[in-house]
Every structure is written in C-alpha cells, then in structure tokens.
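As written, the chains take the letters A, B, C and D, and residue 1 is the first residue of each chain.
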Amino acid sequence: MEAESPSGVAGKAAPGFEPKIVAFCCNWCSYAGADLTGVSRMQYSPNIRIIRVMCSGRIEPNFVLRALELGADGVLVAGCHIGDCHYISGNKEAEKQIARTARLLEILGVDKRRLRLEWISASEGQKFANTVNAFTKEVRELGPAGYGRK
Amino acid sequence: MKDVLVIGGGVAGIQAALDLAEKGVKVHLVERTPSIGGRMAQLDKTFPTMDCSICILAPKMADCADHPNIIMHTCSEVAGLQGEAGDFRATVLKHARHVDASKCTGCGKCAEVCRLKGRIPNEFDFGLRKRGAIYLPFLQAVPRVMNIDSKKCIFLTKGKCGEKQLCKEACERGAIDFDQKDETVTLDVGAVIVATGFDLFDPSGMFEYGYGRFQNVRTAMEYERLICASGPTGGHLEVEPTKEHPGSMAFIQCVGARDLRLSPFCCSVCCMYATKEAVLVKEHYPDTDCTIFNVDMRALGKGFEEFVERARDEYGVRFLRARPGQVTEDPATKRLTVWYEDPASGKVTSMEADMVVLATALVPGAGVAQLAKALGIELDESAFFKVRDPLMSPVESTRPGVFIAGYCETPKDIPESVAQASGAAARAFEVLKRKGGAAHA
Amino acid sequence: MPEEKAQGAGREAQGKEEGARDKGVGKDGGENPVPLSASPLEPSSLAPCALRPAPCRIGVFICHCGSNIGGIVDVPAVVEYASRLKDVVHAERNLYTCADDGLTAIKTAISKHGLNRVLVASCTPRTHAPLFRRTCEAAGLNQYLFEFVNLREHCSWVHMREPARATEKAKALVKMGVARARLLERQEEPVLDIEPAAMVLGGGVAGLSAALSIANQGFPVHLVEREPELGGMAARLHRISPTYRNAREVVGPVAEAVSAHPDIRLHMPATMTDLSGYIGNFEVTLSTGEKFRVGSIVVATGADELRPDGLYGWGQLKNVVTQMELERLMAAGPFTRPKSVVMIQCAGSRGQKVSYCSKRCCFTAIKNAILLKEESPDTEVHILHNEIHVYGVAFEKEYRRAQELGVRFSRYSPEKPSVSEQNGRLNVNFYDEGLRRERDLPADLVVLSTPLVARPEAEELSKMLKVPLGQDRFFFEAHVKLRPVDFATDGIFICGTAKGPTNIGECVEQALGAASRAAIPLAKGRVRVEAITSRVNTDTCRGCGRCESECDYHAISLVPVNDAFGNRLVARVNEGLCKGCGKCSSICCNRSISLRHFTTPQIMAMVEAALEEG
Amino acid sequence: MSAEKEAAVKSTKAYYCVECGKCTGICPVSRGLEYSPRRMVKRALEDPELEFVRDSQIWNCLTCKLCSGVCPSGVDYIDFIRIVRSRAHAQGLSGSCSQGGQLSTMARMMASDRLAQGRNFWTEGLEVAEKGELMYFVGCLPYFDTVFEDLRPDTLDIARSTVKVLNAAGIRPVVSPAERCCGHDLLWSGDVESYRALARQNIREMKRLGVKTVVTSCAECYRTLSRDYKEMGADLEVKHISQLAGELLDQGKLKVKSSGKKVTLHDACRLGRHTGVYDPPREVLRKVAELVEMPRSGPAASCCGVGAFLTCGAHSKRIQVERLIEAGAAAPVLVTECPKCQIHFKCALRDKPVPGAKLPELEIIDLSSFLARNLEAGKP
C-alpha cells in the first residue's frame, strides 16, 4: 500500500497554505462548547466554518465527502460525549457513520486524518480551541486535499 | 391564579419554578447571589454517569431566564411572610446590583478595566480565581449581567475611584448605575417553596487534617473547580509548589459529618462524589494513585454500587476502610502523609499523598434560622427545615402553604432534590387550585 | 466542476408528505413557503425553486455588539459584502441588534422591503434565537424563516488578534447563512390537544400519593391496581422507620382519601392490557375491558422482595426468615421473643443475587432490631453487615439509638456469613473484621435483610409503554440526574420502587414529583410541539423499517397502506413523540424522511457556500 | 437548444412514436408512479426549450429498457432519457441519489487527476498483475462493502471470486490501483462531464498498462466499457465474466463441478436488454447447477428496481418484492450477474416484512461467487 500514498492526492503544502475546514457541531454539546470558547476568549485559527446541526446523528457520510469534494482540506465532526447525547444515542450513530466514512476515505486515498471526530462537551471550551488548533495545524501540514481546486 | 414564591435558585428551585411556570403560574424566583445555578453549577461532573454538570444544568437555567412566567430576583432575600396559605404577602429585599440588567450584555469590558481586577477572591471558584469589584459570577451565569460587589467597589466604598470610573467609561451601553439603591418589594403569592440548599463545612477548625495550613489539602468542592475544564486551572490538577499533577491522591470522607462533635448526620452524597472525583483523576491521569478513605461506602442508588465497582476494578481506585487520624506535611516538599489504621492489620499505617481531598460536610445554610423566622417555619435539631411527616408529607413545612425541597430539608442528592422540587411544585399548585394541599396530612 | 445540485431537494419538495402543513403557500403569498429561491439557478436551491419559483427576499442584519464584534470584524465591509449576495435585498448594521432599536429595525425592514427571510449575524443562537424569532413573528414573518449567524462567540471573540481574517470569516459565515436562508421553509408548530386526565398504574404508597395530588390539582385520575385492595407493599409492613408509626395508620388515610375522592376512579383489580397513542392522547385498555383516554400516565407499580431461595437456609431451616416475614410476625401480635436474634445484611444483594444495594435494608433491620429491643430488652440482637448504609439525618440517628439500646453491630468481611443448624439451634458463622477472627453466633431467629427486586411484570409493561428498563430490570428514567421522574417518552412518568429501591418518604416525594410533571400537559390543555420534526415522503418510502427500529423515541412506526404501490408499509412520524434529532434522516437509504429545518439541501447549501471562493 | 433536441429526437427515433402506449403498459415504474415513456417523449417534442426537464418525472425512469423492447416503432426511450437528464443536469437539476448521494460524490472525487486510492486491499492471496493484456475491471466493489455495510452484501467476495476463477484458469489479471469508477451512474444521472473525465482517465490507464481485453463482473461496467467507452475512443475487447468463463470452460482451461443446487438467474438490464448478453451466464450456470428459469427471463426479465442508485422508492420495493417471490417460486438460490442487482435484492429482503406478504427464503449470490465455489480442485 506504500504506493497508494496515504496523504491524499496533493503533495506538500505550499508556503502560506491556509486549509479550509468545515465543522459539523451538535447544538447541545459541541456548538455550546464552541460558544464557551468564545465567552472565555480562547483563540483559535480562523480556518474553520461551523455548521450547526441538532445532533451529531444527523451527519451523513455525504456531508463529509461533499465537503472534501468541494475543496475542504479537513472536516471536523463534533458531538456530545458518548452517554451524554441529548437525543439518547445520536452520537453513537455519528460514531458509526464517521467510522464508515473514514474507511471510504481510506479506499479513496484521502488521508484519514482529514476527518476528525471529537466529543466536546458544553463545558470544554478549551478542548474545542485545542481541537481546532491541533486539527488546523495537522491539516496545514498535510497540505491541500486537492479536490475542488483544479 | 396566585403567584408562587420560590426561594433559592439552585437546581431544586429551578425545577420547582419551571414546573409551575409550565402550568401557567407566575413564579418569583428569589436568589441570594447574582446568578441562579446553585451548587450544581460548581460541580465538574455528576455521578454515576459522569455528565458534565453545567452542561446539563445550563439549559434549565436558560429556560428560567426565557420563561415568560418566571420572574427572577437575583441578589435578593426574603425578609418576611404574612398571611396564610393561598394568600401570602412576601417581603423581598432586592440588593442593588449597580448594573442595569436591561442594558448589560455581559460582555465583560467593564471587568477588564476595574482597578480591583484580579484582586478579590471569586466566590464561585472558592477564591481559586480572583475577580474585580465588577464581575460576572461565572461564565454561564444567568442572568448574564455583571454585578458590582458593593462592599469592595472603590467608588461605592470611598466615593471616588481614581480620576474617573473606568468601568462606567468602558461600558458601551451605559449599564452601570452607581445610584441604584436596595429596594423592598411585596409580592402577593399563594404558596412558597423553600429550596435554599446547603453550605459547606469549613474544615479549617479540624486541626488533624491541616486544611488551611497545608496548600495541598483541598476540599472536595475546591477540587471540583480544579478538575473542571472551565475552572481556574483549565482542568489541570496542580500540586504546590511543583505545579505538576499529583502522583498520588487521598480522599478523606466524612470530614465534619457523621461526627457527633460537628454534624452527626450522613450527607448522603459524599461516598459517590468522592468515587466520581477519584475516577476523574484516573481519567485525567491514569497513573495517579487514588485512595478513598471511608468506613461505609454508601453507594445506595441506581447503578451506584456498579459505579463503585467500576472505579475499583476498571480504574484502579483503592478503597480503604478507615478514617485517617491525621495528615502531616513535609514543610520542604509540601508532600503530605496520611495516617490511618490499616483495616487488614489493625496497625497504624501511613501513605504519602501529593494531594488530599476532604469530603467536607454539607451543612444547613448559615441563614436558615433567620429565614425560618421570616417564614414562620420550624427547623429540626440539625437545622434542616422540618417537614410535617417525613413519610407521607415529605414536602410540607410546619406552616401550611410553605413547602420545602432539596438539601435544605434533609441530605439528598441531585435527582432526589429534583423529584422533591417537582413534588413541592405539585403541592403548591394544589394550594392554588384551592382543593386543599393537606387532604391526608 | 459539476455540482451535486440539489439532489434530494426535488424529492423533498415533491411527492405526498405526511401532514399538509409542510405545503401550502404563506398567507400573504409573498412569503414563499416551500423552498425557494427564484431566480437564476444555483446548485442547492434549484430543484425546489424550479417547481415553485417565487422571489426570495433576504434581509441581513449585522450586529456590532458594541465593540465585541465591531471592534474586531470590519462590520461595514461585511454589510457591503452581504448586500451583494444573491437574493439579499436589504443589509444593514446595528450597534446592538438585540436592543429595542435593532429589533425595530428588523420589523421595519420586513415591511418596507417585503423581506421573506431574515438573517441576523450577532451572537449565539443558543441564547438569542428565541428573541429574534419572536421579533420576526411579531412582524408577520414565520419564525422558521429566520436564520442566525454567530459572529461573536464563533468569530470576533476567538480571532481577536487576526481582525482581517476574522472579517473574511465573518463574510463566509454570512454567505453560508444566506445560502441556508434561501432554502428555509415556513413551519407551523403543531398543537396537540391534551385529554385532561391522567392514569396512575399502581395503588401502593407512590401510586396513591400521585393519584391524590393529580386529582387535587384538578384533574380526573384513573387509578389501576392489580390487587383487590390498595396500599401495596407498605401496607404489609409492621411499623415504618423513622417515625415508627403503624403502617396501616400511615397508609390508611391516603387510601381512604383516594377512595373518597370524586375525581379518582378506581380500577381494581385490573391491569393494563393495551396502550396506544402519545402524550395528550393515550388510549388505554384494561383487563376488565374498560377503555378510556388520558393525557399522561404515572407508573408506580412497585417492586417485590427478593425470595432468598437457597440462601442462608431460608426455606429449609426453621426460624430463618426475611425482614418482611419478621414484620408480619410482629404485626400479628405478641410472639415468643427469641433469646438471640441475628440479622444478616445484604442477604442476596450487593453481589449475591443482585448487584445493587437495596438502600432500605439497613434502616429496616435497625428499626426491627429497635422494636425487638424495646419490647424485650433481654433479647440479644446482632446485626451482621458489611457496611451500614443508613443515610441522612433520621436513619443515622436511629443507628445510634440502636447502638444505645444494645443492638450489636459486627462487620463481616470479606465473605458473607453462613447459617447452619447445630443441636437444634441455629448457628451463624462469619469472619468478624473488627475482631479479626472467625466467630460463631448461636441464634433462635435469623433474619435476612433481602433486597427489593423488579417485578417480572415490568418487562411486559415496559414494552406496552415503550419505556426502557435498566440493567437491574427496574424502570429507567429519562435522565438519572435531572429528570428523575420522567421517561424519555413524553407524557409518561415514573415514581416509587418501580424505579428502584427507596424509602417511603422518597417514594412519596417522587410520587408528588411525578404528579407535578404529569399534570403539566393537563394544565396546559394543549402542547405546542417544536416544528423541527421529521417528515416522510410516502411516495418514495420503501418501508424498510430502519428508521422505526433506530428511533430512540419510538416516534416512527410503519403503518400498512394499500395504494398504487400495492399493499405495503410506510413510515409515519408521530410528531408528538419526535424530538427532531434527525437520525432517521441521515440513515434513510433513499432520503424519504427528512428533518424539517435541517434538511439535506439546507446543510449542503452551507457546505457549498463555505467552500466557494469569493 | 432546438438543434440539440432535434439531434436527440433523431438519434433515439423518438419521432416514430405512434402513441400506442405499449411502453407504458410494460413500464414497471408506471405501476406505482406517474410515468409514461412515450408521454415523456411527446412532451419533449412539443416543448421547444425542453422546459420540462424541470419535471421530477424525468428521474423516475429506471432505464431498464423494457419499453424499447416492446416498442413497435423501435424508439430508444432510455437513450432519450439520458439526453434529457444531461440537459437537466446542465441546468443544475438532479434526481435523488440513494445512500445520501455519497456514491456519486465519491465517483466525482475519483475524477481527480491525482487520485491515489487504496482500493486493492482485498487482493491478498490472489494472483494479480500490475501490467498485462487482460485486466479485471473491479468497479466500485471495494466501496460497496463499506457503504452497504448493514446489508452485508459481501460484494468483495465477487471481486475475489472473479480473480479466483481467472487464476484457476491460469490467468493473472491486471488489477489496477488507479482504476476509477466507470462513470455509469454519473452518465445516467446526466453528469456527462464527470463521466467523461472518469472514462478518459480509465482509458488512459488501460493504455498505459497495455490492456487489450477487459473483463468485468458488473453488468453496468460491462455496458459502459463496451458501449459508451467506444464513443470515447477506447479500443478494447470487453467481456463479462460469464462470457470469459464460458470460453475458458469450453477450452478446458477451467474445470468446475456441479453444486447439485437448483438455481434461477436474474438478468441484469445492462447485460441483457442493453447489450444482448443472455446466453453466456446461462451456459456457465448449467455447468454448476440446475438452472430453472423464472417466468420473466431473458428479454422479458424484470428489473431489480433501481437504476444508477438514482430512482429508489416505493415502486422499487414493489418491483423487488414481485421479483423475489417469482425467484423463490423457481428455485431456492437466486443468481445475479450484477453486484448492484444483488444489493437491491438483499436490501428488499432485509426490509421489514409487509404483513400478509411472505417473502421467500432465498439465497442470493453473484455468478462469480457461485462459480468460484464450484471450481474443481487442483490444476486444470
């Protein structure tokens, strides 16, 4: 599998490359966590675009795939911690769907690191900031995903 | 229908207020501090599910703020209650906040410029963080309105604050109002629900554990703030002076409780929260050694016994059946030694700990006697509000039309407080419906 | 690069849908109902607007929030950018959009510019959406045609050191919001009428208390008890801790009050045999054949005492009894007081037959020990325990009183004691942790403190009610901390030992709590349900059943229909139960079910806008 | 526009329609949804600007080609639909993809020039070549197992089995990591541009590897490669595995044993009516099993209910249920020759049963899998 580079279609990041990151956050935990990040004035990279859904269980594989196809360099999916789902078990569904999506990315040859699933509670403002910063850094190092920029 | 007065903005008061408001009853929610939320807002996680405490509470707090039937009176106290069930007149003393709640957005710019910024211990974090004279009690405070500490504010205490009042200048909405005065309002209500919660026993007086003298001896509530992601250390447990996370921790139970010298009763929640706190340590730092010292592990609720087992078997928390007799400190390293009788050998043994957490007793609030007097209700010998019959009338105070909910009635955990609060709301509603709340008392 | 174009969007707008409220044009006609944007075709908006072209008129309001947003983000630039976005007919900025003047500006613009979508870019929807939604409604714009963009918590406050990039991001966020706004649909919040009556299952202490409170709150109650008499387990006790009142005296008055209450109808002996419906409209059928409708249900069916078969010689050795059997002996009147009584705690619980602590056995043993001691001070009473689980004020006090009266407490550990018969007398053998040696205690009577266990009927009842049981087979509440007497299913509540072992005072507290909660919908008379629920396109639904089995709220059921597609099953959403998580929508294999207000085209439009250059 | 329309009308002989309605009479979609092949054509003829492409009806057609099979005027309805869809696509319209559209998104992603897939993880233990004259075109099989995880379609077994059959005959096929989706679904969804990008890349890759013959285990790949790639300038010999296996059996290079099972065969639209391959699968099957034909077979075979993962709905379910009952009455084993047919049938079989309608206990297996299980052991 060596030849089938795990780092995606494109090569190294050009200097000054700023990745585009789309995030899907559930309303009750991670969106609220992101709010807390703001309230606490913790700073993170502005590369991220958050899309609010009521529950992480609403997130379909195609949301992720489509974002990558259109030129996202990374996709972050965030929900309540397992056991804390506002809708009982929506985040378990999300876990399943995202695991499946990650396998598809592997087959497609998109680096799995471009898709990240995190459980971020409404009180984890710092974790939200850390996650975004770490993810942005990682994706920046991975370079452009290469779709959507022809 | 008459309004209802709910005293106390903790989880019990919030629940009672919401239940009644949903039924179309106007509720006056009186809270002594500047924000509702109570003790539960200060907890990091809740046992046994490890839910983030503020995350599950905050929506209820927001519901209170948004509900058209709930009128919140923060910084307020009840001073008197006249009349009878179905027709009370309550006197409420509203302390000046010196901030116009209708204008303030809680942006916090005023706090940034306060001359006392970072100089006053923050009540919410037990002084582990410092605030200014103008401050938001905590990030998720409801209402999200700044508050001026009139006892500390330079302008309010000295009549002058430097060249100009920096906070007033910083506020873009002109919300700061130094002329605001305390006021007294009278409320016509049909029923009253008392849900004033508890205070924390101060273990400074117990010389044996060294709290207040040894920096690394903390109370359990301080620990909750320290381990909380939005707490003063961002959830990093730090040992003085190294600022490293502890390699070994001891949790000492029943500090001031089940103690005939202090509080003879069992607080009913400490065994479980200590277990939770130890599990939290293990989640943060799996290699930290955790020992819980207690005599009876009272895991009496659904899933509690299983939670304790998991703590022991999966997380490796050690439970020792002993109450330590003493904690000592190495003055050089600040490392602690816990002395106890080993249950297996019967011999005095010691263990070293980087941090000791004291499960201090949760005791009736300091103001209960005064409040009981104001409301004309009785206290029991432990200073909890007395109920008419602990079996069949567990929410009725000794005065008809006044109901009790939560820890202020007798020690209990969050779900029992919530259930009882709803129960008190049911009884209050019965009074409003004039069908007699005491049909079988 | 070709776009995915509104896949699914067409489908969501076409076909027959459950409930006509999705369809239909706004009353004013100008407020275009079913999605969409007019004009030039753009990927996500396409299919729907193709079907019903109507102009989309979006108003954008950008808040400075004093300097909170305005101090970082170049608000005028964002306004200028927004005004150039397609379908945006008005864009302005406000110092505080949430202040009175800001709200007035929104209302004015709605009428002046004929806006049919409003977008506010300010703080977080989690606190401020209700305010702006109300404002839109007040101006005659359906609240679901409002879109919120978070420029403060998610932009200015987190990018304070990068104003230029924060401004770029703000533009992108506004563009995403506009993209979604175009596809927003008006929604009517369904209102369900509530049958103003309740049913209480179980006539024990909890059920009686709940029924009486609901009736006293002014609502008729159907009380269903399986036994021919009221009182439940408590009525069979002798005296009750901590007040030591006679059980009959405690329970009797409530049972009488319930029997005499004009608004309480007793069904006894009877059980529920069938249940359908949802909050506000449950249809109940009893074993007696009676049928009635109720708006809410309280479950108070109690628990059983564990039968300690095979433990400590119970059932084989004479004079080995359970605490309950001892109560009956004592209640029956004077019996020959044994010289020596040994009580064994956790008999069957905490790892023996069940894993949990039954919470009440310690204070029950202490109470019975005290009663024995008080009546016969010479009787030796020994309580063997692993830990004494009394709690709170009163029980802890009773523990001390028992000690004062000479009741002996010994801690066995680690093994549980064993009971045998020696020379016609019982002998209890255990390892005494305090003495650190094995001991033999002779006894005339051995009393086993056995736990409460869930009733076997709970299984069937849980299926009928569609509410869960926990691992221990007791009913499982909606949330162990904050919803202790609710079920996740709206309109059904739980209290007493059916939920888990507890004492009588707490049973009553829970019962009153459940009575309060159960009376809320009854008092409201109608409940408005958030319009964020799922809808089914019955033309495409295959009836595979995946949504039905995955829905945590049992809000979806497959119903048989016979139509052009033959005899088949179709998913139907019960809006009374649907909570709007959208899981069904993401697992449906062919997009036949979609979540209102969070449709795939709406979300995709945001994704597309987020990644579009410029 | 009108020139484009005229060309479509001409190439599909739409003008020959005598409005007899036979097409509607046999159309499986028309039995549930409002749909008529000929009326669709009629509307096109009367609509100078092809405005009717906005009508969602154009997405209802399964393109199964039953209509053309009975059309007395020989109108190529499905080609017409394909042209109409490409027109609709150009206007930004599309039908509803099943599985949330993820399959078409991935297909479009595969059109990227610098793709580096990890699609060959399943070849372990099999003899495959990097270069050579005979290529096994695997298609989307590696993706299906994951996308349809819940159905347990085991589509990779089809791929493994195909290679096993070839290996048994001493053939080491080329299996290329750079292979892309053939583009079939995009083509039939009207996204001609993406289809062409995929086709160009596949053709270029095959050229690079020196491929002369391509074998497929998928009826849709077969149709696309053998018919549509020609228009893209491909010079390839394309064989469905049933054809190649038939030849190898005839030549004695492949040896099989009888399973002793009674089976029935579902003709895939793309193999049967689209390309006329009816007999090869039957000949192969008869060597390993007792083949019992269903009442509707060969040119009359029913569709599996879904085309291009595009038209799934209640009508699909009805078509599938009918077909499954028909198959169950014929034999306990249903053999498919297209992995997509297998997925659709397995899906219908897994669905919650309609009260009163009993679906048969049916084993559904792909031709390649079935063949591989009945290979004669030892070297041929």
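Assorted remarks:
The rule is simple: a residue touches a chain if its C-beta (ideal position, glycine included) is under 8 Å from a C-beta of that chain, and two chains touch if they have at least 3 such contacts.
It should be emphasised that the depicted structure is a prediction, and the values quoted were computed from it without experimental measurement.
Touch-path distance (fewest steps) from chain B to chain D is 2.
The chain pair with the larger count of C-beta pairs in contact, out of A-D and A-B, is A-D. Per-chain CA centroids place chain A at a distance of 37 Å from chain B. Centroids of chain A and chain C (each the mean of its C-alpha atoms) stand 30 Å apart.
Each chain gets a centre from the mean of its Cα atoms; for chain C and chain D, those two points are 48 Å apart. For chain A, the set of residues that touch two or more other chains comprises 32, 36, 39, 60, 66, 69, 150. For chain C, the set of residues touching two or more other chains reads 4, 126, 586, 600.
Within chain D, the positions touching two or more other chains are listed as 99-101, 105, 108. In terms of inter-chain touching, the protein chains here follow a pattern that is not a line, ring, star or complete graph. Remark: the chains found to touch one another pair up as A-B, A-C, A-D, B-C, C-D. Per the touch definition, chain B reaches chain C in the complex via residues 11, 15, 19, 22-24, 46, 48-49, 51, 56-57, 60, 62, 66, 105, 107, 109, 144, 172-173, 258, 264-266, 268, 295-306, 309, 321, 343, 346, 380, 382, 384, 389-395, 410-412, 414-416, 418-427, 429-430, 433, 435-437, 439-440.
The touching residues of chain A, counted against chain B in their complex, run 28-29, 32, 36, 39-40, 81, 83-84, 121-127.
If you check the complex, the residues on chain B that touch chain A are 44, 49-56, 58-59, 139-140, 228-230, 234-235. Residue ranges on chain A touching chain C, taken from their complex, read 20, 22, 27, 31-32, 34-39, 41-44, 46, 49-55, 57-60, 63, 66-67, 69-72, 86-90, 93, 97, 129, 148, 150. Across the complex, chain A is touched by residues 1, 4, 124-126, 150, 152-155, 157-162, 165-166, 168-169, 172-173, 176, 488, 532, 550, 552-553, 579-583, 585-587, 595, 598, 600, 603-604, 606-608, 610-612 of chain C.
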